[in-house]
Amino acid sequence: MSDFLQMTLFGLSNGAILALAALGFVLIYKATRVINFAQGHFLLVGAYAFYAAIVVLGLHWSLAVLVGVAFAATLGVLVERFVLRPMIGEEAIAVIMVTIGLSSVLGGGVQLFFGTTPRETPQFLPSGALTMAGATMPWSRVAAIGIAAAVLVTFSIFFTRTRHGIAMRAVADDQQAALTMGISVRRVFALAWALAAVTAVIGGILLADLSGVSAGLAGFGLIVFPVVILGGLDSVPGTIVGGIIIGLLVQYTAGYVGGGLEQVVPFIVLILILMVRPYGLFGQTRIERV
Amino acid sequence: ACGGPGAEEGDGDGPIPIGVISDLSGATADVGTPYSEGIRGYAEWLNEQGGIDGRELDLNLNDYAYDVARAEQLYSQYVNEGVVAVQGWGTGDTEALRQKVAQDELPFMSASYAETLVDPEESPYNFVVAATYSDQMRVALDWVASDSGGDGSVAVFHHDSPFGTAPVGDGEAYIEDNDLGLGYDSYAMPEGATDYVAQLNRAESAGAEYVVVQNVSSPAAMLATNIAQQNLDMTVVCLNWCADEQFIDLAGDAAEGHIMVQPFSPPSDPVEGHSEPADYLESQGESLEDKGLHYVQGWYTMHVMAEGIRHTIDSGQEVTGSNLRDALRSMDPVNTGEVTVPISFDADSHRGMEGTGIYQVDDGEMTTVERGVTP
Amino acid sequence: MITRSYRHPLNSSRLEPGEPLLEVSDIRLRFGGITALDEVSLSVRQGTVHAVIGPNGAGKSSLLNCISGLYRPQDGTIVVHTPAGAHDLTRRKPHRIAQLGVARSFQNIELFRHLTVLENLMLGRHIHMRNRLTRSLVWFGPARRQELAHRELVEEVIDLLQIQSVRHKPVGALAYGFQKRVELGRALCMQPALLLLDEPMAGMNAEEKEDMARFVLDAHELAGVTVVLIEHDMNVVMDISDRVSVLDFGRLIADGAPEQVSTDPDVAKAYLGEEVQA
Amino acid sequence: MTSAGDSGGQQGVLPTGPADERDEALLAVNNIEVIYDEVILVLRGMSLEVPRGSIVAMLGSNGAGKSTTLKAISGLLPTEHGEITDGSITFAGADVTAMDAADRVRKGMSLCMEGRRVFEHLTVRENLVAGSYTRGRISDSDLDIVYTYFPRLHDLRGRTAGYLSGGEQQMLAIGRAMMAEPTLLMLDEPSLGLAPLLVQEIFGYIARLNAELGTTVLVVEQNASRALQIAHHGYVMEQGRIVLDGTAAELRENPDVKEFYLGLGDEGGRKNYREVKHYKRRKRWL
Amino acid sequence: MAATSTGIHHRSYASELALRHTSAEKFRLVLVVLAVLAIPFVVSPYWLTIANQIGIAVIGAVGLNILVGYTGQISLGHGGFLAVGAYSSAILHVRGDLPIPLSVLLATLTTAVIGAFFGIPALRLKGLYLAIATLASQEIILFAVRNWEAVTGGRDAISVPRMELGGFVFRQDFHWYWVILPIAVLAVISARNLFRTGLGRSFMAVRDHDIAASAMGVDVTRTKVLAFAVSSGFAGLAGALTAHYTGIVTWERFTLEESILYLAIIIVGGLGSISGTVYGAIFMITLPALITRVGQDMQGTLPGIAEKLPAVQVVVFGLVIVLFLIFEPRGLARIWQRLKDYVRFWPFRY
């Protein structure tokens, strides 16, 4: 029983971080209909920015978080301005390719500055562990759940309630028509990218706390795909549910079945669910009228 | 060799061309970089010393980003440039090039220590400079057997790849053949995981007290951290690619007390053989402590190759791939100043050594438990 | 009237004029809470131009979509008659319905945007072609012969619709009016037994409407194709249709000859308003 | 429908704005040349003036470049690989030729694009809110103006726009453009696909908007008889340039306009579609 | 686009259906053929390795373009299908003792069947949802390869003996060039053929508008599954050739990165363009090699840069792709087209 609880707790915390990482995809997709393959590298850059602020600049961790967030937001805006904007109106898949190129630039850039050696994590989340009913869970993971939940709820509200949220969705539907509404597609895009980069930094910082700062963080971007799709590409609540499902699924499979099956189980479940719900659990159906 | 047009053999008195395929930006760049720097450092140091019999080593060193197709391209380029030997890196590229190097008669050393490479029947031009993964596993199991008093249980946590699984089967066979009486299970470590708690739980339920890790440092460190956080009573035994300073740095306190099986002695345990790389690095304004043991590993791998070349020249032969192979097989064991046990090859076996060191993490340092242990 | 002769029959229905070709009985179609079609029944006879009119959102397009299998009505049957017998369409896949000779155009122009006019029209020939992978890969031989053979009918349609000049242009880059014509052409290339046209003249000026009306009438008069036509321009409807059905909020509120329907007070109220009849 | 029905009486009646204000050109397009994809020349020296407070109708056959003109005016060409290579556009005295599309809306130009283009996944209400983007925060009562003109939209306000019928979407598109409270409202074929009753309503509404709020309107329309009924001034466009212009009344009497755009025969009566000839006189003003 | 068809007049439908029309085009074709035949005699074995890798990439990428560019089904699973081809052919040849031509053929067919199976989600899924589902098939295939030890040998590589036909052993890239080139040419031509027939058109119809296609009588289900089968058939062929050409089959070669490389090839080359696929393969395979080359040259002149070089190379690689796509998102095929138009219409601009 304590094993089960143990796995559940870890599954939940992994799910929270997965959801947070997935949020970046969703933000960008929602506004720009682009899947950002560089999202994992945003995570990487964010983690290194935070690391640099703490270790190289010697800042207090709270300041370092601010520096990291500011850096990411700037990066997001710059990327939008110089890489994505010229691609407005192009085929989605060409845009995807640009983000793949971008990931290469970001990854190489990080290596240029920090080399290839993994770095120790600057510990800032509470150390120690929460023990209950025979299960132990580090406080840092508990904190991760809290932070992820707060960020996700904020964004859910943003999209359904605010004018800017609606504008973002309008742009996603029809950029030209949005322009004729005076909605600056550029500004919306810049906002989406900046926000996505910021969530990536938060995700990167949390992740770095759990697994260290190394080039490997970028790989996280791929693990997140099943989560994004399972929840529905454009649904913020979907990322939460998707994250938790996948997080738990991986833990249980690893714990009860093993044999490396946990690597494919998310994908198998993903396909099965998609066959029943082609737009994920919460994704919006594409409207096809003739 | 089938060098094709424009190929010039490394004969005469000119520099001796050697191709190096390194991972400097790919999936294993964290350890690939210092290893590659060690190779380069040795060559530069040797050339400063006047080379081999007045002839310099001309390294052509390139990054292949852990991409097999790129390795093939580079290899083909090296063949074209008339190299006499190649230093490779990973399991994938070493496997992919095995036939080609045999056909082109180019001795090939790599950092892939799989047991399949030591048999000259199968891989006539591959030379394994360290104790194979399987030998390291055997040493680790011997250690576990004695540490536990013969009734311990081992969980092997391995990378999910040919590299990771290379010693798994041999380990199991070894326990049986030698009646070590150890429990034995294996667990794949999925790429990109943020914890191994579920796998550890399973291992714990199976009664494992020892975790042998065949993986690189970052995941191994995460595993150690998980063990510490979960207050599990398990000892980690790292083989080769996680038996290094990075593991200690990353895992911090969680690394304390764990065991490492590592054929190359780390800078923190100075031996005579460390002085050459250390002095050289100092002259470059760097230090061996910073570079770590994989630098040493690269350095002495290149050293073995250079010794082979020296032997070829000394015996009045032209420096060609096949002559170099013969030299490597026939020369005296290479002494590495106690960095490793002496390294030697012969026509029946390209297993450079069997002995390896055992270290324990103590106060953030690798401290020597024993050197030159053989299974 | 100048008559033209055709080497290829554009009409594939073998029924006698006046026989019922399509019978829609009591179909009901709901989307969530909305009832798009409510017990609609109508019958289209071979050799007629049958207009369907009604206010926006009345369910006209939905009716067409039910006939061509794109929507599946919850209740009711839709039957197409061929000399071989009657076929219920409600449980058939769209492509199987197309194989029965039911061709259509769409309200918002649904052409294959990146293909040329010619390719779009050749796609109209799809149901008459045999497509084998190996033959296609080899090209020389049967595949090539088949392409050439079908090209002849396509060229005839191109002539009919006077779109020779844009044959090789990607349709996405064509002006709206041409696209409408291509869409009609694509349906004609199917050698339809029943031609469903969803607002073929929307967005055209008087002159272009005349052309389009001419094309539809050509297909109808010269080739005898049965046409179901949705159109908002009452002048067109009055002039070219033999029978008119009026839908309002998913219900059939009138069905009869054009003159009869245009004077129906319900129709005037729901649809025509105080439309001035010049 | 009640309020729109009232507007029926306004048809053909000239709006009542002060004459001098109307004479000043709110929008002037001077000799612009537009090229798509760097090779396709679509507008070849197109000029046009829209006096403040007036309704201007633009007629032209398919492919003449009417939509392109409107896109050029509202700055949408860059999104379609198009560019203005020559000429200029001034709005309210300022040169806007190179201005960003979104900024033009802020300046008071609003385009209701051809083919409805509603935001499919947004609800009707959210579409309207998106339309009011340039006005900042708005409250629900600000939507009422649209609801009074199009009561049907009120009933549909919670529905996903993509599932509306064609006519409903068209109403929504116009209502949405209204929400920006534009000085110049450009409509690209607003009657496309609408039932007669609605066409009548919409034109009545345009006339009313112009009369009541003083909104200047530039309308591209195929339904020439309707358009010329409410417009003060008209342009006829062929192959990328203006070939004819004049007051609405003048155009209504022009024999070519009569034949090609109003569908009237030589005797002035309406031709029967069944009797149109295969090979007709095809006159072009080129 | 509009400009491309001007100026050529045809007397028969047959002549119009030919792939090359003008004498200039035919002349260019002759030049290309001569160049391709001359390559192995003039370039170094290094470039010949690259040429062979390009040849194989062309085959696989043509397959992917059939699926993505022509049928509109985004796939991230191409690497998996290459793996199926490579493993099937290797296993059939090594364990089943089949002659290589037969094992390659069977591998092609096997991959087609498996591809069709993994294409089933495409019947329900669209766009990026499908893309991720195909990513799932990639992961599932590789998982199966790694764990189905009885058949695939598990995580270890399968070593494939050198190809021998009628006593002749294919040792060098020079020999392989003459194997790969004709197959690649055949692959390209048959793909071009496919798209001038009704079957190919139905693929494109499904891409542009599947609803309209079904109303035209196109069986969308069958077409999508067939597109997956054809596409994976090409992938299987490419994979099988890789197996015999490199003499080693390991799953590590067919990871997601491989899928992405293939996507990059068709996007950079031009979606829905067969010739673009060829340009794309040349570009994407040569680019890293070129960058390495330039890096090597710089190593001499700027010694300080040596350690930074790998990172710089990665950055440059990404940057080239980004800049390229920003400059011409419709790919190399489009650039080539523009160049041709420019020459044809020179000195008139429009």
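Order of writing sets the labels: A, B, C, D and E. Residues in every chain begin at 1.
Keep this in mind: a residue touches a chain if its C-beta (ideal position, glycine included) is under 8 Å from a C-beta of that chain, and two chains touch if they have at least 3 such contacts.
This is a predicted model, so every value here is computed, not measured.
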Path length in the contact graph (chain B to chain E, fewest steps): 1
Co-neighbours of chain C and chain A - touch as defined: D, E
Distance-maximising chain from chain C - centres being C-alpha averages: B
Most distant chain from chain D, judged by the mean position of its C-alpha atoms: B
Selected interface, A-B versus C-D, where C-beta contact pairs are more numerous: C-D
Chain C and chain E: spacing of chain centres that average the CA atoms, whole Å: 41
Geometric centre distance via CA averages, chain D-chain B, whole Å: 75
Whole-Å gap separating chain A and chain D, where each centre is the average of the chain's CA atoms: 44
For chain D paired with chain E, centre-to-centre distance based on mean C-alpha positions, whole Å: 48
Residues of chain E touching at least two other chains: 1-2, 146, 211-212, 215, 310-311, 313-314
Contacts with 2+ other chains: residues of chain A: 108, 111, 222, 259-260, 263, 289-290
Chain C residues counted as touching two or more neighbouring chains: 61, 70, 106-108, 110, 173
Touch list for chain A against partner chain C, complex: 289-290
Chain A to chain E touching residues, read off their complex: 29, 35, 37, 83, 86-87, 90-98, 100-109, 111-112, 222, 225-226, 228-229, 233, 259-261, 263-264, 267-268, 270-271, 274-275, 278-280, 283, 286, 288, 290
Touch list for chain E against partner chain C, complex: 1-2, 5, 13-14, 17, 190-191, 193-194, 196-202, 204-205, 207-209, 211-220, 226, 230, 272
Complex contacts: residues of chain A adjacent to chain D: 88-89, 163, 166-167, 169-170, 172-187, 284, 287, 289
Contact footprint of chain B on chain E as seen in their complex: 44-46, 48-50, 53, 146, 154-157, 159, 162, 171-174, 246-248, 250, 252-253, 257, 288-289, 292, 295-296, 307, 309-311, 313-314
